[in-house]
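Dropping a structure here in structure tokens format, bear with me for questions.
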């Protein structure tokens, strides 16, 4: 039985470590915040200029001056800090963020990622995605194993315009987890969703990986 | 040297001309210089190149200047949530230069800091790298990005003192800080101007040297793009 | 994840090795990480490259590490007021790389911000430009300067909260901010550690992400290099 | 009668304008602060991270955390602000400072300046001098017209290692004032100290200048 969205987020959350500073993308990655292990201190960064993202505010606490990178209203924590966008990306580009979890449309077997231009739709821009994949220490992609039309998304080479070249460290799909120890090594299948076989994964994947 | 002006039109007097480049602070609709945008719209200046992380939404923020076709080119990282933008862009009436968000922030900071170019890993191997100089440092490839300088910066702050020292509030700081430094002149709108000595010298976010003119833009009816809340559990 | 350590030696444990590069905050004797310098001296680590605007004075600040010959190379903008430095330098025992003060600050900020190189007009046509790549932007010549990354940053703050958010006091901020970002690990000494929630989130000078370990170094007997005063006119 | 140190500073102070942000070097340039015209607002920058330098403190107000770039204790004003060295020099390099007044050992007829290496003495470093001459909008040099041994200091070409190339806009000496409208033009003698003749200046100067 394949993992659902929350289970995928929970699997990605297993990569968190105490004291980590983390940036979470929009969509499934946001759910990682709900899966931080009890007692573990993880600080979430918002690239519009905040460290220490709190939960959504109560209705009477909503503050238009307090939003996340998805432009949603949020709250602050006692340990939060605010800074400008230049400082926020100095942190990201400078390798100070330990981990980012991002969605993707395609990931190649060499760790390229494409997640900013949707084919046939108007280009809205890359936002902070290119900065994140270029700067953060560890890049985890969380995505469905196959597109709605059934096409593999972990593929030999990305067909869509890239967000980053040779940057992805780990891929969590609804079927399996792939990882590589460094950017020179191939990905290896390290885990299967319950009831999913290695053969099924092989069948639904066109990327080359070790198993 | 009085920096405070009675209103946005007065604060912008003599600074606007067709074809100019403007750096605008804000992220989405958070911390945008609304009053100054209105005054720029009313001035009728056109052919603008606007450097801003986003392009507002329909009829809010920079969306107002798009609607009146005063903007010829945007340099932005993300321009979703804007139908008029989409229409003009697809019709080829509006030029758009996409720039990764962190590169955009750094380009404006660099321009304001006298740095005409810097190297970054962001965008290497992507469309963003096309036509840009590459250079290898310690075995890694980087691309050269240019500093941005503008004819004018427009920003939104929270409080300023009469000397022009300025503080921001929460995530409304965002691009206002780097944008303020990139313009030949920076005009700020704030919610309140307080007497000199009211702000902690250790807590100034934007020192007075960057703020040449300012207005009080209050009262503000701050818009929210995505209102997300949680509910209190019943007691 | 507790960031607070009982003393400087404990905070530096496992971080020191011969031949390493250390970025140190401070300007003159103002805002220098005294306790951490003492602990580095006591550790006996040697062959250090130290990046610091100044080199302390005889037996104060980095002067202590010069006295014990633990420093092999300094990257600094100004090294006056230090006899032992002068002696080692003239005897060829100490390597010195002079770097203009603003270029030094920017090189450390750049290193910490993932920027391996940037262009500046500072030093064009001088000895500082020798051996450096030149590039013309818009008709002006600039030189390429490299970002600096260090194995360790040592800084001095005023107050920190238990999460590692840090604030500085007056001109004791100086190089502590850029230096903190340039090291793989940054260890801070502060005058006071306050509970989380005691510091204004809008007023943090150095967000907690940069501070990996910290100690309270108080009480400090702050040294003054040049005490200059005016006299009150008689009433 | 040649100008004394304070008169030279007073002459340089005539270049101040209301609202200017100014950086003053060590020595005679410091005296410019005492010559700011009444009612004119001039903000002094200290490159170690402060805008709005106040006077020296009273004895019981001395604060080791509050010094200028010369490492002297100073005081703050109600309008002061503090920032890091990277921000301080972003201001300087970025052309936000209107004017700097600096001492020099030599200035060439092309506007080169040498003021950081004293011949025969140990090199102490350039501090912020190279950043200032490269970044500030207007550079005024205040120096004695001739060295103690009588050698001209405004000369055809600097003999000492340069601090900046083609950067000086105005020279105030004890005998005269030279100015140029831009960095392509030659200097012009625009003012003489009382009782000093153009001939005396010509005799004591080896640089080419217009008169």
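Labels for the chains are A, B, C and D, by order of writing; each one numbers its residues from 1.
As a working rule, a contact is a pair of C-beta atoms (placed from the backbone, for glycine too) under 8 Å apart; a residue touches a chain by one contact, two chains touch by 3 or more.
What you are looking at is a predicted structure, and each value in this text was computed from that prediction instead of being measured.
**Q** Spelling it out: a chain qualifies if it touches chain C and also touches chain D; which chains qualify?
**A** Touching chain C and chain D alike, sorted by label: B.
**Q** How far is the middle of chain B from the middle of chain D, if each middle is the mean of its Cα atoms, in Å?
**A** 35
**Q** With chain centres defined as C-alpha means, what is the inter-centre distance between chain A and chain B in Å?
**A** Distance between chain centres: 28 Å.
**Q** Could you give the separation in Å between the centres of chain A and chain D, each centre being the mean of its C-alpha atoms?
**A** A distance of 53 Å separates the two centres.
**Q** Which positions in chain A are in touch with at least two other chains?
**A** Each of 76, 82-83, 87, 89-90, 92-93, 134-135 in chain A touches at least two other chains.
**Q** Can you list the residues of chain B that touch 2 or more other chains?
**A** As it turns out, chain B has residues touching two or more other chains at 106, 109, 113-115, 120-121, 168-170, 173, 201-202, 205.
**Q** Quick check of your reading of the touch definition: is the inter-chain graph here a line, ring, star, complete or other?
**A** Shape = other; not a path, cycle, star or full graph.
**Q** Okay, what are all the chain pairs that touch?
**A** A-B, A-C, B-C, B-D, C-D
**Q** Under the stated contact criterion, what part of chain D meets chain B in this complex?
**A** Where chain D meets chain B, its residues are 18-19, 21, 41, 43, 45, 51-52, 76, 78-83, 87, 89-97, 134-135.
**Q** Once bound in the complex, which stretches of chain C touch chain A?
**A** Listed in rising order, the residues of chain C that touch chain A are 1, 109, 111-115, 161, 163, 165, 181, 196-197, 201-202, 204, 207-210.
**Q** Would you tell me which residues of chain C are touching chain B in their complex?
**A** Touching chain B from chain C are residues 106, 110, 113-121, 135, 137-138, 140, 142, 146, 167-170, 173, 200-203, 205.
**Q** Within the complex, which stretch of chain A touches chain B?
**A** Contacts found on chain A: 46-50, 55-59, 62-68, 70-74, 76, 82-90, 92-93, 112, 122-131, 134-135, 161-166.
**Q** What residues on chain C touch chain D, complex-wise?
**A** Where chain C meets chain D, its residues are 27-31, 53, 76-80, 86, 89-90, 98, 100-106, 108-109, 120-128, 158, 168-178, 205, 222-232.
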